[in-house]
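Below you'll find the structure I mean.
Per-chain numbering from 1; labels A, B, C and D assigned in written order.
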Amino acid sequence: MSNSIGQALRFTLFGESHGPAIGAVLDGLPAGIAIDLAAVQAQLDRRRPGGNALATKRDESDTVEIVSGWREGMSSGGPLCFLIRNSDAHSSDYNADRPRPSHADLASWYRDGGKADMRGGGRFSGRLTAPVVAAGSIARQILLRRGIEIGAHLLRIGDIEDRPFGEPVEAQRFGALAASYLPVLDEDARARMQERIEAARASMDSVGGAIELACVGMPAGYGEPPFDGVESALSRWIFAVPGVKALEFGAGTRLARMKGSEANDPIAMAEGKPLPAANRSGGANGGLSSGAAIRLTASMRPTPSISVAQRSVSLSALSDAELVVKGRHDPCIVPRAVPVLEAACALCLLDLAAAFEGRKAFS
Amino acid sequence: MSNSIGQALRFTLFGESHGPAIGAVLDGLPAGIAIDLAAVQAQLDRRRPGGNALATKRDESDTVEIVSGWREGMSSGGPLCFLIRNSDAHSSDYNADRPRPSHADLASWYRDGGKADMRGGGRFSGRLTAPVVAAGSIARQILLRRGIEIGAHLLRIGDIEDRPFGEPVEAQRFGALAASYLPVLDEDARARMQERIEAARASMDSVGGAIELACVGMPAGYGEPPFDGVESALSRWIFAVPGVKALEFGAGTRLARMKGSEANDPIAMAEGKPLPAANRSGGANGGLSSGAAIRLTASMRPTPSISVAQRSVSLSALSDAELVVKGRHDPCIVPRAVPVLEAACALCLLDLAAAFEGRKAFS
Amino acid sequence: MSNSIGQALRFTLFGESHGPAIGAVLDGLPAGIAIDLAAVQAQLDRRRPGGNALATKRDESDTVEIVSGWREGMSSGGPLCFLIRNSDAHSSDYNADRPRPSHADLASWYRDGGKADMRGGGRFSGRLTAPVVAAGSIARQILLRRGIEIGAHLLRIGDIEDRPFGEPVEAQRFGALAASYLPVLDEDARARMQERIEAARASMDSVGGAIELACVGMPAGYGEPPFDGVESALSRWIFAVPGVKALEFGAGTRLARMKGSEANDPIAMAEGKPLPAANRSGGANGGLSSGAAIRLTASMRPTPSISVAQRSVSLSALSDAELVVKGRHDPCIVPRAVPVLEAACALCLLDLAAAFEGRKAFS
Amino acid sequence: MSNSIGQALRFTLFGESHGPAIGAVLDGLPAGIAIDLAAVQAQLDRRRPGGNALATKRDESDTVEIVSGWREGMSSGGPLCFLIRNSDAHSSDYNADRPRPSHADLASWYRDGGKADMRGGGRFSGRLTAPVVAAGSIARQILLRRGIEIGAHLLRIGDIEDRPFGEPVEAQRFGALAASYLPVLDEDARARMQERIEAARASMDSVGGAIELACVGMPAGYGEPPFDGVESALSRWIFAVPGVKALEFGAGTRLARMKGSEANDPIAMAEGKPLPAANRSGGANGGLSSGAAIRLTASMRPTPSISVAQRSVSLSALSDAELVVKGRHDPCIVPRAVPVLEAACALCLLDLAAAFEGRKAFS
C-alpha cells in the first residue's frame, strides 16, 4: 500500500470504512499558517453522505477532530493529524464470501488471502476520500492567498451534459458551483441530472458521470517534469480517487483527431505578458504550467454497488453464485466526488509550488 | 525536475536533445539477471527516427552504450547506466526568442528566465523517450519470464480508426504488431493511416492519434493503492510521455455514460479460478490488478512542431511576432510512441511486482 | 519536517508534547499478520514516564488507541494508525521567551519566528519517541518470527561503565535486560548507575550515558547500500532519537587507532557456512549485513533540561537573561531510550528485509 | 541497492570499480547556475589515487566528462550527468573464490549468489566516492555564494592526533587544509602521520584514522527533523562512505560522561543576535542547525585490503583457506576521504537549504 504522496507537503491517509476512524497526516506546513477549521468542515460537508436525498443513506457527521499540528487557528509547525470517526457502519451488510463485481473485493482476496478487513469496502471505500477533502481544504486556503483558485462542475451524468467552462474560465462562478450539490454551468442541466440519478436509484441501479475542473491563477513554469510534471502529478492523485477511469487535459481525447494547426495554442501578448491565447493544451505544456488555466476532465464509472442481482462466485465453494448487494449506496457518486477532485488538485499544486520555491536555494 | 521514478526498480533519466548524450540509470536489478542487449537495441530501433519515411528526417543511430551494471550478458548487481549519443543535432534551427506554440518553450522561459538549454526542445524533447524504451526493454524481458506480456496498436490516427483489442486480448498478435511501424489489428486501417500522415506532412502540418495498450498475464492483486494503485502508477508514467493528453482505462470515458448494470464486470469461475468475465474496468479495481488484462488508451495531441506560420511573440521585444518553425519534425509522433508506452508500462508493472514480493518479508 | 521514513514499511510520526495526542501511521503491513497489542503496551511501559523513581514525574498512562489497520488480533491490510493521548501536560511551565540551552527552542525560533508550539518541547519532545516504541514493537514481533532478536543494555551512565556484550552476543539475556529499568550485564554496575542518576537529580543536574545494542539472527547480505546500507539506514533512525550525539558500529572509534591486521574480522567455516570469526566491524561490511550480530553503541548527551540557573536570552528584549527551567524532567534520559533504540532498529531492519524480498520479483 | 539520495537536489550514483565508467546524475539544479568545472576537477584531484606517494599505485586520471545538464559554464536546467572513465583496472588481481575479511565480498556472495561483479570491490569500491566529490564540488560552489563553507582535517591517524578545531572554527585555514594531502592544524602532527602511514605500508598492513569536519555560515533553523534532521541527514550520507564506522557530533562520545551543566551550550547575544556561546552540541539541536558551526568527527577503520596472509575460506570448496590479497591498495584511506566527507556534507546541506526555501510557498 502506498498511502503517502507529496514531497514538501506530504499527505498520509489512513483508515477503513468500518474501523474506528479515518484520517490523515499532513506534514510540511510551517508554523504560523492560518488555518480556518470552519472552512475545512464546510468542504467536508459538501462531500458528506446523508446530506442529500440523492446520496447514500449512510449518515456520518464527518466532524474533523484535530490530533496534532494545529493550535489557536494556526499550524503549530508539527505534522497536522486529524481524525474523522466512523459511526454509522452496518458491517452485517457485507458478504465476504461473494465478491462484488467491479469492486476491489476479488483482487483483495487474491492479494491477501481473504484476510483483509473488507467490510464496507475496507480501505478501498470511497469514504477514504473524506480526509483528502479535509487536507485539501487547507491547501486551498493557502493557494487562495497566492491567487490560485480551483472550481469544478458536473460535465455529465449518464447521457445528460452540462456545457464546458469557457475560456477564460469563469472563476467568478466557482463560489456558486461549490454551494450546489449538483453544480452546473447550464441551469437546465441540473434538473435533468437529478432525474437521471433518481431514475437510477428507482431501478436499483447506478449511473456514471464526468467532472470538469479548472484551476486559475497558477503561474507559468510550475511542475517537475518528467515524472512530476503537471499532468503526471495530477493524474497520480486523480486516479487514486475511487471510480475515476479516464482523465483528459484540455481538449483531451479530441486532440487525437486534430491537426497541429488546429490543436496548437497561439502565443500572444496579454497585458504586457506573453501567454497562450487559447487553451486546448489544458494549461500545461511539457509538464510545466503554461500560464493558462489548468483544465481537466475526469470520467467516473457508475457506482459498482447496485442492488440488482449480479453474477459472482462463492469464494469458499469456488463455484458460481448470485449476489445481491445489500447496504446503502449512492446511485451516483459523481456529485460527491466534485470536492474530492478539487481537494486532490489543491494538494498536488501546492506541493509543486513548494518545489518551485525550493529552487531559490540554488541561486 | 523530477527525473526519477519507481521504488524497488528506480529509473533516473538524463540528457537533452542537443547535448552530448541522453541516457538513464536503472537501479535495483539484482546481480545475475540475464539481459539481452540485442533485444534492447531492437526496441530502440522501433522508436528510432530516420528509420521510416513517415518520421522526422533527423537520423540518429541510437546505439546503447552500457556504462555500468552489465557484464557478459547479465546484470552485475550495481545500477545499470547507459548512454545514447546525440549525433545529428542541428542547433541552428532553434529560435530561442520565439516560443513555439504548445511547446514547453514559453513555460520554460517563465521558469528559468530563458537560461535553460532549449535547443531541439532541450530536456522536454521527445528524444528523451529513447532511454525509457531501452530500460523498458529490460523490464519486459524480466516480465516475460513471469508470463507477463505487453502489446499495443494504433487505435486512431486523426479520423482513421483501428478496431480495439478483443476480450480476451489477442496476445498472439503482439509480435506482429511490434514488427510494424504502423501496428494495427485491422489491416485496412494501415494504408489509410499512412495516407493521413503523408497528407499532414504534405501540408506542413501534423496529426494526432491514440494508442491502445494491453498487458496480459498480470496476476490479480498487484498494485499499491491508493497513490500507487495500478491506474495511478501507470498514469504518472504515461503522462510523462510528451504529447499524451488523455488516458482511459477499460471503457474509459464511455463508463461515464453507463449504468452500473452495464458497466460492472461479472465474476465467474474460469478454469477453477474466480475471475472477471468481462473487462470494462480495464484490468484494475480499487487500484489492484483484477486478473483480467490491463487495458488502457492514451490519446496524443498532434506534434506541435509544424511548419505553417503561427502566432507567437518575441521574448526580447515583448511583442507579438510570427513564427515559422524550422527543423525536421514528425508529422505524426504517435507510431513512434507505441514502444515508449509499452516500455513505460513494463517499468511500472515490474516495480509493482517487486512491491508485491517485498510483502513476503512480513509473514 | 520529515516525519516519514521507510520504503516498504513506512512510518509516519505525528504529535506534540502538549497537543491532544501523539501517534503514528505504519503503512505497508499486509493483511493477516498477527499483532499482539499487549506486547506493544508492554514495550511502551518500558519507556513510560512515571513508572520509575529515577524518571520524570510527568505521569502518562501511554495507552495505545488503535484507529485503523488492526482487527481482532491481526493487521487488516490498511495502514495501522494509533494514538497515545497526552493527559498530564503542564504547559505553564514553559517560558517561550527564554530559549533553553541545547534545546531546539532557539533554532525553532529562527526557523518559525516564534510561531511554533514549543510547549514541553513541542514536536521536538522526547515524548515523540513513544510512537516509535509502539510501532517498533510490531516490527519486533515480525522479526522474531524470522529468528531476529534485538537487545540492549546501558554501557555507560556518566563515568559508570557496564561491560560490553560478548561475542557471540549473549542473546539469552535479552529478556532479563528488557525487564529492568537499568539493564546491565554486570550487576554491580546497576547500583552505581542508580546512585549516579540520583546524585544528578539531587544537584538539579542531569547525566549522559551510552547504550549498546545488538541484533542477532540477521541473515547475511541484507542492506541497500550505498544510501540505505545497514549503517546509513540505522544511523538515520538513531540520530532522530533526541539526545543521541554519537553512533559507533562494532569497535567504532577504536578502529581509527587500529592496524588492518588488528581490525579485520577473519572469515572461517562455522557449522558449514562461511562467516566472520570476529566482529569488530559490527555486523556490516560495505553496507550489507555480514552474518555476525549487528552491534552498535549510541552515546547520548545529558538531558539539557536542568534546574540550575543557566545563561540564556530574552527573545522579546533581545538581551541576555538568566533562565531557570521549571517543569518535571528526567535526570537521566538514557534508560528510557533503551526501548526506543531497540524499536528504531526493528523498524529499520524489517524495511531492509522487505527490500531483500522484493528483489525476488526480478528472477 | 539504494543509489539515490536527496529530495530537491537528488544525487544518483552509478558504476563499478572495473566497469567502463563510474559517474552520477545530479537532478534539481535550476538553469543558469554558474558551475566552475575546473573547481570540480580540482576537488577530484584531491581524492585521486596516483597523486601521492602515500596512496595506492592505481593511477586514474579521473577526468570528468559531462554528459548532460551543463552548457557554457552554467547548468542547463536538465539533470547533470557526468562520467569518470575507469582506465587502470587490474581485474586479474581479484580472487572471487576467497572473500577478503571485512570487505563486502562475503556478504555480497550471500546476497547475490556470487553473481555480482566484485572485481576491485565492484560497486562497493572506494572508487565510487569520486562522483560524490565531483557533485559535492558543485554543491560547495553554490553554498559558498550563500556564505557557507566546509573544511576538514585529519584528527587522527592511528595513534597520532591533531588538535581539534577551535571555537569559533578557524575557517580562514580551510583553504590551506584543502591544499594538503595530510591536512592538519598542528604542523607537527603531519610528519608523524606520514611516518605512521609509511610504516603501515612497509609492514604490508594498513592504519585507520579520524576526520574532523566543520561547516561554518549555516543559518540557524535548517534541517527536517526528525528523520532528516541535521544529524540524521548527514549521518545517512557519511556512513555511506566506505570505511566510516563511527560518527560524533560536537563533543560526541564525551557527552555521555558529562553532566547537563557541563554539556549545555549557554545562549548569549552576539552582534545583536541570540546564539549559542559554546558548541558542545556540534551545531545542531533537535535536528535543527543552531547557528553555531556544524561540527562532526568521522572515525574510519583501517583499509581492510592488506597484504599479510589472512584467514578466509574457499567459497567453492566451503573450507577454510588462507588469503593473500594482491593488488594495489592504500595503506591509509583516511586522507583521501577528507574531500569525500566534505562533498557529502555539501550535498546534504544544500538539500536541506532547498527544503527550507520550499516552505516559503506556504506563506
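Keep this in mind: a residue touches a chain if its C-beta (ideal position, glycine included) is under 8 Å from a C-beta of that chain, and two chains touch if they have at least 3 such contacts.
Worth saying up front: this structure is predicted, and the values here are computed from it rather than measured.
Ranking every chain by how far its Cα centroid lies from the centroid of chain B, the top place goes to C.
Counting C-beta pairs in contact across A-C and across A-B shows that the higher total falls to A-B.
Averaged Cα coordinates give chain A a centre that lies 39 Å from the centre of chain C. In this assembly, the C-alpha centroid of chain B lies 45 Å from the C-alpha centroid of chain C. Chain centres here are Cα means. That of chain A falls 26 Å from that of chain B. Each of residues 1-4, 13, 28, 30, 32, 108, 111-112, 123, 355-356 in chain D touches at least two other chains. Chain C contributes residues 1-4, 10, 12-16, 19-23, 25, 27-28, 30-32, 66-69, 71, 74, 76-81, 83, 108, 111-113, 115-117, 122-123 to its touches with chain A in the complex. Chain D makes touch with chain C in their complex at residues 1-5, 13, 99, 101-104, 106-112, 121, 123-124, 128, 156, 158-159, 200, 203, 205-210, 219-229, 231-233, 235-240, 242, 244-253, 255-269, 272, 274-277, 280-282, 284-291, 299-306, 308, 310-313, 315, 318-320, 355-356.
Considering their complex, residues 7-9, 28-30, 32-33, 142, 350, 353-363 of chain A touch chain D.
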